[in-house]
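One structure coming up, written as structure tokens, with questions to follow.
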Amino acid sequence: MKALDRVRRLFVALAILGMTLTLASVAVAQADTPPPAASAAATPADLAQRVADLEAYVTNGAPKALITAGPGHNAWMMTSSALVLFMTLPGLALFYGGLVRRKNVLSVVAQCFGCAGLVTILWWAIGYSLVFAPGNPVLGGSKFALLAGVTSLPNADYGAWVSQNVFAMYQLMFAIITPALIVGAIAERMKYTAIMAFILGWMFLIYFPLAHMVWGVDGMLNGVWNAKASIKAIDFAGGTVVHMSSGWSALVLSLILGKREGFGQRPFLPHSLVLTAVGTGMLWVGWYGFNAGSAVASDGIAANAFTTTTLATGVACAVWPALEWITRRQPTVLGFCSGAVAGLVVITPGAGFVSPSGAVAIGVLAGVVPFFACTKLKNWLGYDDALDTFGVHGVGGTMGALLTGFFATPDVNGNLSTNLSGIVGKSLWLEQLKAMGLTIVMATAGTVVLAYAVKALFGLRPGKDEEETGLDATDHGESGYHYEEAGG
Amino acid sequence: MKALDRVRRLFVALAILGMTLTLASVAVAQADTPPPAASAAATPADLAQRVADLEAYVTNGAPKALITAGPGHNAWMMTSSALVLFMTLPGLALFYGGLVRRKNVLSVVAQCFGCAGLVTILWWAIGYSLVFAPGNPVLGGSKFALLAGVTSLPNADYGAWVSQNVFAMYQLMFAIITPALIVGAIAERMKYTAIMAFILGWMFLIYFPLAHMVWGVDGMLNGVWNAKASIKAIDFAGGTVVHMSSGWSALVLSLILGKREGFGQRPFLPHSLVLTAVGTGMLWVGWYGFNAGSAVASDGIAANAFTTTTLATGVACAVWPALEWITRRQPTVLGFCSGAVAGLVVITPGAGFVSPSGAVAIGVLAGVVPFFACTKLKNWLGYDDALDTFGVHGVGGTMGALLTGFFATPDVNGNLSTNLSGIVGKSLWLEQLKAMGLTIVMATAGTVVLAYAVKALFGLRPGKDEEETGLDATDHGESGYHYEEAGG
Amino acid sequence: MKALDRVRRLFVALAILGMTLTLASVAVAQADTPPPAASAAATPADLAQRVADLEAYVTNGAPKALITAGPGHNAWMMTSSALVLFMTLPGLALFYGGLVRRKNVLSVVAQCFGCAGLVTILWWAIGYSLVFAPGNPVLGGSKFALLAGVTSLPNADYGAWVSQNVFAMYQLMFAIITPALIVGAIAERMKYTAIMAFILGWMFLIYFPLAHMVWGVDGMLNGVWNAKASIKAIDFAGGTVVHMSSGWSALVLSLILGKREGFGQRPFLPHSLVLTAVGTGMLWVGWYGFNAGSAVASDGIAANAFTTTTLATGVACAVWPALEWITRRQPTVLGFCSGAVAGLVVITPGAGFVSPSGAVAIGVLAGVVPFFACTKLKNWLGYDDALDTFGVHGVGGTMGALLTGFFATPDVNGNLSTNLSGIVGKSLWLEQLKAMGLTIVMATAGTVVLAYAVKALFGLRPGKDEEETGLDATDHGESGYHYEEAGG
Amino acid sequence: MKLIMAIIRPHKLDDVKSALTEVGVAGMSVSEIRGFGRTGGKTEVYRGSAYQVDFVPKVRIDLVVADNQLHSVLDALEKSGKTGKIGDGKVFVLNVEEAMRIRTGERGDDAI
Amino acid sequence: MKLIMAIIRPHKLDDVKSALTEVGVAGMSVSEIRGFGRTGGKTEVYRGSAYQVDFVPKVRIDLVVADNQLHSVLDALEKSGKTGKIGDGKVFVLNVEEAMRIRTGERGDDAI
Amino acid sequence: MKLIMAIIRPHKLDDVKSALTEVGVAGMSVSEIRGFGRTGGKTEVYRGSAYQVDFVPKVRIDLVVADNQLHSVLDALEKSGKTGKIGDGKVFVLNVEEAMRIRTGERGDDAI
């Protein structure tokens, strides 16, 4: 029985390894498309044109002949990619890890790392292509499978001056953190294999299609860039794709899973708010890559996104503890952290579209609404969203997507004057509502299907005893801390 | 009584929230000045001029027609802003948090977060304007209140190629960390409300004026850029504005507060030097944004500041523990951390003005002088500067401001050859002394006034029992760690 | 006796301080070479030439007249430098610190900080010059001693658009982390003074020569840039210089030291895998500076290095725990961390030379081979490489250097088509083997000599009791944690 | 007076505390300990080296009660601490000769 | 010999230790525990959920003394540990039948 | 039954545990404590302020054994815990009046 099981695991793993190596060799053999000679100046172009191309570099315009990655833009996008990775590892791992009980801290960390490993492989194999290759309004094609043709030259569909391979890595970091966010809702009570299997399916069923719809050049929700989008919605850095998708999936999954053993009877205290505060700081810092990087350039739109992100977050980080101070006289560190993260979440979809003062208003609401979602709504409805993924990301992302519809202005982002000139400031919020509805339906329906499939195949929860012992020991065979000389 | 108090708090908070929202809506309604068409090349300009403008971008010169944010410069300034935020959250929070006793770790973290929240609101409302809008030699005007007109276009007064909104956010990060530094001196014994009230006043009374005087385009201490400065002092990244102001205020405030319960009788040991070391690493990394970012460009001056910062810090980080090794045979981790931070502090005012070898000399002194300030002077004078804010920032910042007067050289920073050509290398140190004197007077006098005002209004210290219980429990209702299963 | 010893220490330290100060004053007095006027456009150059120079900036080509640091490139290199420092402080300090027992956590941190302090001084005094000044095929000259002439202008030998002082600081960060890596193998059982003395010698005997050979413009192993290199090897970001040198030295040093007291008899458990996981995340993030920064520009080669680094790391971070899952049903957090670091190590020498798909293949092998080195080989051979520096960096670096020989392709890096056009894809791996052999010989022989010299002078190991008490107390007089009220 | 030293499962602490307060216990002292017993330990593996960790986390409760409370306290401990699986723990009873309340200096049964 | 088990306030440890050494105590063992008593606990609130934390941090001192020292040690504990407010803690005295110093194998009063 | 309370050096725990299991001990409870004794403490210096840390880390083992096991257990403790240097620790023996296994409710010698 045990031997058989071991053989099965060996087989599965060898299959995966083998497939990866085979795909890699195929890709190596095919040889990546050789990049054109480094200096595009080789083609004769008259001087004025050459100067115009250089000016296009500075202003992030479209070049005629100088098709190359631009140093300033590439520098910012590489920095942004690193920052978004930093959000997950170690940022989110710490933020969530500090909130669970000591015996589960590593399980949360392992889930974050697991997302990084698994999604990297998927993204390289086919994920990037399904999202960003041209395809149909719902899903991209296979042109970029194995990252074929994804070189250091820009792909003008997404950024005229940024290496496409950097863009692909930048987007990979988004694809890593999104499923990792779900972990917060189901922390402390789901088997590791079940989580990983769920996430594998979730990427294909929900993330890849949704990201393509919203950001793919021919996606059906891509109001800014796709003139033919059936729903003319906007989402700068992932209100629907990242926060709503993960937040609503998290809610459904936590309902299907049920509550943790002893929930509501015993106090479940965060084992280290220090770690949570550290993680919050890292999330905030990393989020600049997330939001300002979503301009896919180091231009004025990035600058605006940087500004709105700071203002909304700073304000929300003051408002949440202020509400605690009013209601209970004690502003808490967890309140500061929750406020900051809520601010970051809510400004995300609008960061590059709203004005600084719009961001302040959004920040106030980001401090108020998720506060009530986490402290009142949850208790009232009685679900066990362990670390408030739904309360913060679900509720905050949903609100942010809607507010973006009201606050977006072409004053800060000229791209709103092209395909959307007729609706910005008018009916845009209706389009947002439609996109939000579609996202909620996809996320919840997809999660129901996947959760029951995984339950049938692997089972979702560990045994009662295992849950009491803690997942660190049972799923990973480790302890987070050995502060004492001889183990324990 | 309690109900009344609750009503009062509710009222205060609603007033603040309401004001914020109102201001935000006013600002949204006014609509931010629409930015000019993205490509400034629209105006006819002859080719040579256009090329000269492009060259100006590369060399951080002043453009004629191409008024736009430049990608390389904006990229660096966004990175720098994120780095300076990183210094406070989580950097400083960890550095200080590790040094206090376990029962106060969250209080320090909450104070750092509180600065982030509070100062963001002030900065947006009026702070940025009071510092950087044109005004009088002592304070800026209200032109940029609510960040009106602060768009993604550069403000040539401060950076020809950097979006003004990014510049405003960059400077916000300075305004956040400066009051947070004070927290170190008064850690473990001041009520949270009192701290926040003090900081609110301190920003208006000390930070905003001082920052305007030193960095405002028409500030009276801005020797580099303001030809009419009455004191021709220089301060690259905040020796006076940041370190002296916070350090001297910290000293005075800690004297007014008095010592912690049991200070000198029981050992007060750092509860986690591991956290302190982590915070130190983050401060060092983030400080590159602080110092090299102060060039407000990614140019040769930034490069020089980057270099001097590294050298002074590395050297001081060796010298401090070397002194410990000499005097007690044991170099300590806290010694390494203190040395590194001292190096960073002392090089700050001169980072963009001194040569690499000057930086090495400064690094040696940064290791020696604050070492004696913290280990001898403090014991000798007997004040309780809990985490040595005065010993490191006050003493270090003061020394750095003076040394800058001696070591500044136009060889590394051509801007010293304009308004200051007559005094650099000669009497500059006298101007520095004047600026230092003014800073000390402002910081100490302002702190005395504020501290007694806050004492009268709210009281400064928690009760004896509350102090013994720890501020985490009494001020915030939380514990830093719950390593044990059932709370405690 | 004790007094004498104290005098001796005082003398040594004063000598060092004095020397540093003297050197600094000499250098200050000499005055750094004044940089030419900021705008190189001063010299008359015809317009086409000026445009070509600007294009060279964008494409990282060689300018004719516009000799200046370029904002995008400088921004990326400053960011990269900060990121590489971040790898050591706090990254590596945490990664290693979490793996040791509680009583030794600070000793590891102090060793990392000690490298930062010591190496900064060496680098400024002579190290940078010995590596990057022109000299002979084995060692650089003294031209850049005291960083003379190392200004904000580029040194075209290493980067046409990057300030040489930034380049020098960037390379300093490499020189800091390399000896710090060794610390992992000998953790918990070597005296602090012995370690520092060893590292002092090691820099001169091994690091400076090796780095010059591989990266110096006239180095004998610099196949890419030195047409006269006697061994035409390639090493993008430090497979030989950093990982092999430290890894093999670590193995030899740990063999000479012998095993820790109680090794193999009692369980030595990582005192905080949480810290290790945090450190891993930081290493990963920082490594982007390490690898993509090694392009010394923000160009397409950097973009490619960024991409390959991500892919190899993500894949290895999945493969290692997958192997654990197969063999023992439990993927561990330490497995995720080890896999990620192994991926980073193995891709390092080839990051800028191999294609994305090559990186995936390398990632698979990086997950497999070091896994067996750490879990099987070590137990089988029975040496005590405390934190697996050899298993990960030695084995991984060696494998990476070889794989680079097979996978390097001019498709992603045109520089391979110059001096190496004849051998890339053919016999390059033979050149790699030669370079690897030389590195191993230098590292092991040098370490033997140094280790016995240090043993004779200072002794290598603390007493048995001191080792049982823990190095934090005996070497540094501190404790990592005081979680309890009254010390202990 | 008797000192009752009970070793229980960590997650049972809340139940046990409630049960004890119900039978009139007004004070107790709790600490986290590591237990070695029939339960056996677990194996942790770090980079391929398996370590047997023999000790499992337990909670220890020390409480001093008047002689006449002993019986009801033992009953309460048994009921509230039991899961029926190996590892539920033990209770030991020792005789206490004197007790003192520091605050007041009271002695004997009054002090507890 | 007697085993004295004292539960005191954490911040009193230094005072108590000094008082004990003054009356000739040469050794003791200290641990951090969590106490439940008249003091009551505190409420912690995490994202709006209030949790009653019943246990407060205390320090426990175990020391074994010769019978004739008992009196002076109890006195010292009372004096040095007292603040007069609820929560000062308790002292319990148990009889010790045998003592051994591991280093030498000495038994009885000589061992302590 | 006897309660044996042994204070030992932390790094001796594994040896002691093995020695005890060899003489038939089936259960014990271990905690980390801080000891004050002849060993003296150490001085820690933080930014120039020297603090005397009087307490050194020790491990405490509590185990209850049947009366007839006492002798062999004391022997085992002495042999396995000894290094011969100051600080090896102490063993104290107290009488236990009753024992109960929570899982089964068994009493007395059967419970241990």
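As written, the chains take the letters A, B, C, D, E and F, and residue 1 is the first residue of each chain.
We adopt the following convention: a contact is a pair of C-beta atoms (placed from the backbone, for glycine too) under 8 Å apart; a residue touches a chain by one contact, two chains touch by 3 or more.
Treat the numbers as computed from the prediction; the structure is a model and nothing was measured.
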Subject >> Any chain in contact with chain A as well as chain F >> reply: B, C, D, E
Original post:
Where chain B and chain C touch, do the two copies share over half of their residue numbers, giving same, or under half, giving different?
Top reply: different
Original post:
What angle of turn lays chain E on top of chain F when you fit their CA atoms, given in steps of 5 degrees?
Top reply: 120
Subject >> Computed distance of Cα centres, chain E from chain C, in Å >> reply: 52
Original post:
What whole-Å value do you get for the distance between chain D and chain E if each is reduced to the mean of its CA atoms?
Top reply: 17
**OP:** Could you give the separation in Å between the centres of chain A and chain B, each centre being the mean of its C-alpha atoms?
**Re:** 32
Subject >> Shared-contact residues (touching 2 or more other chains) in chain E >> reply: 11, 14, 30-32, 34, 44-46, 51, 53-55, 57, 85, 94-95
**OP:** Could you list which residues of chain B touch at least two other chains?
**Re:** 47, 51, 54, 57, 70-73, 75-76, 79, 266-267, 269-270, 328, 330, 332, 334, 477-479, 481, 483-488
Original post:
What part of chain C is in contact with chain F in the complex they form?
Top reply: 262, 265-267, 465, 468, 473, 477-479, 484, 486-488
Original post:
Along chain F, where are the residues that touch chain C in the complex?
Top reply: 9, 11, 14, 34, 42-46, 51, 53-57, 85
Subject >> Residues of chain F that touch chain B when the two form their complex >> reply: 44-49, 51-53
**OP:** In the complex, go through chain C and note every residue touching chain B.
**Re:** 6, 9-10, 13, 16-17, 20-21, 23-28, 31-32, 34-35, 38-41, 47, 50-51, 54, 57, 66, 68-76, 78-79, 81-82, 85-86, 88-91, 93-94, 97, 105-106, 109-110, 113-114, 116-121, 124, 146-147, 150-153, 163, 165-166, 168-169, 172, 192, 275, 475-487
Original post:
Which bits of chain F are touching chain E when the two form their complex?
Top reply: 2, 5-8, 31-38, 54-55, 58, 60, 74, 77-78, 81-95
